[in-house]
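As written, the chains take the letters A, B, C and D, and residue 1 is the first residue of each chain.
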């Protein structure tokens, strides 16, 4: 029997409790257990991806009950890709964050690692599950851990940001729960496949199904911070401790986009979403507004970290808009962008973490001379920035390419225009940063500028290696973009 | 903000009202929700699991995977309270009573260390002489509450109740002790290490039973596969598996409830409470 | 007229949950005090639980605990009819939801205590003033 | 199920919910919230959800209220709305 889908989720779960217990013996044990657990889940995820590519959808029935009665894990090529992505990023970030966690939360590092693993469990579980209510429980685990870890950041402000996030996050999760309730009362089932089969027999004009759809999608949008609902995101991510911001920024919103895609395709069916309802145009406009608003709010920031959080808001617009274009190209672009955006954001936040580690502050006025003192970090940052802008060899270009093609096919020229404008704005943003880093001289303690004898103060190797790996992955995902789309995404969409 | 809130609330309420139009009538036995899965559960659970309480059976067996994460959520909440509030710094102002003379000391210098023992007793800042009636009544009551909690855990298969309710009741008996005596009395009996190890162990019992089923050749949490381990009563193996799981849940919930209370009421210092 | 009464009897539970939910949501959005918001959050969540419990109710059915001696010793007595018992599934889901809500409540309360320790207030407008002072 | 009892309990539930969020003393909010939870639990017990009612009685009316009182004790009772 193939237990890999279960091990994938269970490894970090039991790892979390073992690290909690091991910390009473020796605090550093908890870190090594966390490392081993995330590595194991990464290996399991890769095995599952292999199985899915070889034999199609993998199912795992929890407690041995057949699907509508019990809970099943159901992994097809879409989840498998996201699962590998999550576990890889979680592992790499754990490698990178040992030094910064020691500095930021020295007295409670073991508890941090326990929480971290539970967060990873939540994300993996959300992605792997095939049950609507199980999805809710796992979203709550993810949210609860992220509220806590965000509150571990800067004293005072991070607590307010976390409280704000709790109120909005609970509204989002409760909307999702209500939506599931409406689905349950009309279909009598909770399994995604089963619900989809029963929904086909219910007339599309049913107001209960429409309400269920709107509530579920609204809940997920709140959780993923689509533009008017994004108010919690910038503060929460900007004041969180670096070790956590680096994993939550690339993964949380992307997993929620995955949930949205899953609800649209598997549960309600694209036919219902695009042909019965007439919401697609409005949502594409929402995406356009999100892209433009995110990009322009990023322009007014004077802190690198805040600027990156608004770029996340902007990127969410790409994926939501692309998924709602109503054609295969747009959907493929949105799904490819989940992968690419996670990689790019992770690289950006890794570089940001290295700069924070060395310089403490990342306001634009603190960034002078970074190219000279931290060349490797800046190389990674430049590559990630090029990818965000969408320069060809990097992966960011290809997902934008699919999105633009999809927009033209759907006749949504405003969406294509928004994509191009936001690329230009991102270019302006990053070149502004690079200009400060490259040209503005370092102010020394004597008050005059010192041009000679710059000392390299690069981040530790444990933080550079993950950045290097992710940078390679960005280029590799760009080079193999066609293969990914043809072998993983298109078979799923057909 | 008030106006915006009102508009949002009205919009949501309107949407939900619109959604109720097509719902089946309340209590309609023929509605999809009461026929599809529900019928299967009601007709087959007793035969398949030998547990008469359908809610417990679905909770701990059919949807046991959910319940495992629910326990993990509880654990998470306890850990969160520890992470956010626990304060290891010694307090600046401390109060002691010299027992032979009854004189109160207010110590402001953190350097001075007074070890409470036969001569000195640690006092709370807002100390009120505790009431003998309350103390005595609680002293008599607490063991009965705890026995009842154990009954609720153990009898969850046959009557309302289960690990979660029992754990909460057990935890609240300990909280009652902290309120009627004082926080230090509780923390002397159940230390922080004890509580945190209990919280993690409780969930590990749950996960461990599931993994044991995997080792015995079944799926995760498939208690039926544990039958060879209890040769004297293999027929009730699913009920026994559920009981084991419920005990794990109870332990974890008990510990976490106390952790949350202690950390909130003492602002993480674990010295004085309500 | 009788139609209206019929409609009210058939749906009033669903409407009342909507009223409760609106009260909770309004408190969460519009109230100024963080503790009040938390209480509103809990009212909101209990309203959803009321909705789910209403889904599970069935006229003429009893508690979801099988009565009598149905195979307690491996043999089966009378056949169990599904119409006799209330749907257990929503109850199971709501047990989980209650646990999740109390966990969120505890974490939020811990955060409130931390915020109060730092800023000495829980009113949102005062907090905003404190934040802009720096 | 007796509908007058149901209706009375429902009225009280809504009354308690409104009172809990309008009263200007947070300790009062805690007590009213406890009453709200308990009435809610009665309502669920009437609808046959005994397990849920049991949980709500121990969690909502019990432990949650204690947490709320503890938090009010560590912060302030004063509120403007």
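One rule holds in what follows: a residue touches a chain if its C-beta (ideal position, glycine included) is under 8 Å from a C-beta of that chain, and two chains touch if they have at least 3 such contacts.
Computed from a predicted model, the values in this text were never measured in an experiment.
Novice: If I rank A-C and B-C by number of C-beta contact pairs, which comes first?
Specialist: Answer to which pair has more contacts is B-C.
Novice: Let me have the rounded angstrom distance from the C-alpha centre of chain A over to the C-alpha centre of chain C, please.
Specialist: Comparing mean C-alpha positions, chain C is 30 Å from chain A.
Novice: Using the average of all C-alpha atoms in each chain as its centre, how far is it in Å between chain B and chain C?
Specialist: A distance of 18 Å separates the two centres.
Novice: So the centre of each chain is just the mean of its C-alpha atoms; given that, what is the distance between chain A and chain B in Å?
Specialist: About 32 Å, centre to centre.
Novice: How many angstrom lie between the CA centroids of chain A and chain D, rounded to a whole number?
Specialist: 38
Novice: Would you pick out the residues of chain B that each touch at least 2 other chains?
Specialist: 16, 20, 23, 33-35, 37-38, 41, 53, 55, 63, 66, 70, 73, 76-77, 80, 84, 160, 164, 260, 264, 267
Novice: Where does chain C touch two or more other chains at once, residue-wise?
Specialist: Each of 19, 25, 54-57, 61, 64-65, 89-91, 95-96, 99-100, 102-104, 106-107, 109, 111-114 in chain C touches at least two other chains.
Novice: If you look at chain A, which of its residues touch at least two other chains?
Specialist: Where chain A meets two or more other chains at a single residue, that happens at 133, 137, 140, 144, 147-148, 151, 159, 178, 184-185, 190.
Novice: Mind listing each pair of touching chains for me?
Specialist: Contacting pairs: A-B, A-C, B-C, B-D, C-D.
Novice: Considering only the defined contacts, which chain A positions touch chain C in the complex?
Specialist: Residues 133, 136-137, 140, 144, 147-148, 151, 155-157, 159-160, 162-163, 166-167, 170-171, 174, 177-178, 181, 184-185, 190 of chain A touch chain C in their complex.
Novice: Can you tell me which positions in chain D touch chain C when the two form their complex?
Specialist: 10, 13-14, 17-18, 20-21, 26, 29, 33, 36-37, 40, 43-44, 47-52, 55-56, 59-60, 63-64, 67-68, 70-72, 74-76, 79-81
Novice: For a test of understanding, state which residues of chain C touch chain D in their complex under the given definition.
Specialist: Against chain D, chain C makes touches at 16, 19-20, 23-24, 27, 31-33, 35-36, 38-40, 42-43, 46, 49-50, 53-54, 56-57, 61-65, 86, 90-91, 94-95, 98-99, 102, 105-106, 109, 112-113, 116, 121-123.
Novice: List the residues on chain B that touch chain C in their complex, please.
Specialist: Touch list, chain B to chain C: 1-2, 4-6, 8-10, 12-13, 16-17, 20, 23, 25-29, 33-35, 37-39, 41-43, 45-47, 50, 52-55, 57-59, 63, 66-67, 70, 73-74, 76-78, 80-81, 84-85, 158-160, 164, 235, 260, 263-264, 267.
Novice: Which chain C residues qualify as touching chain B in the complex?
Specialist: Against chain B, chain C makes touches at 10-15, 18-19, 21-22, 25-26, 29-30, 54-61, 64-67, 70-72, 74, 76, 80-85, 87-92, 95-96, 99-100, 102-104, 106-107, 109-111, 113-114, 117.
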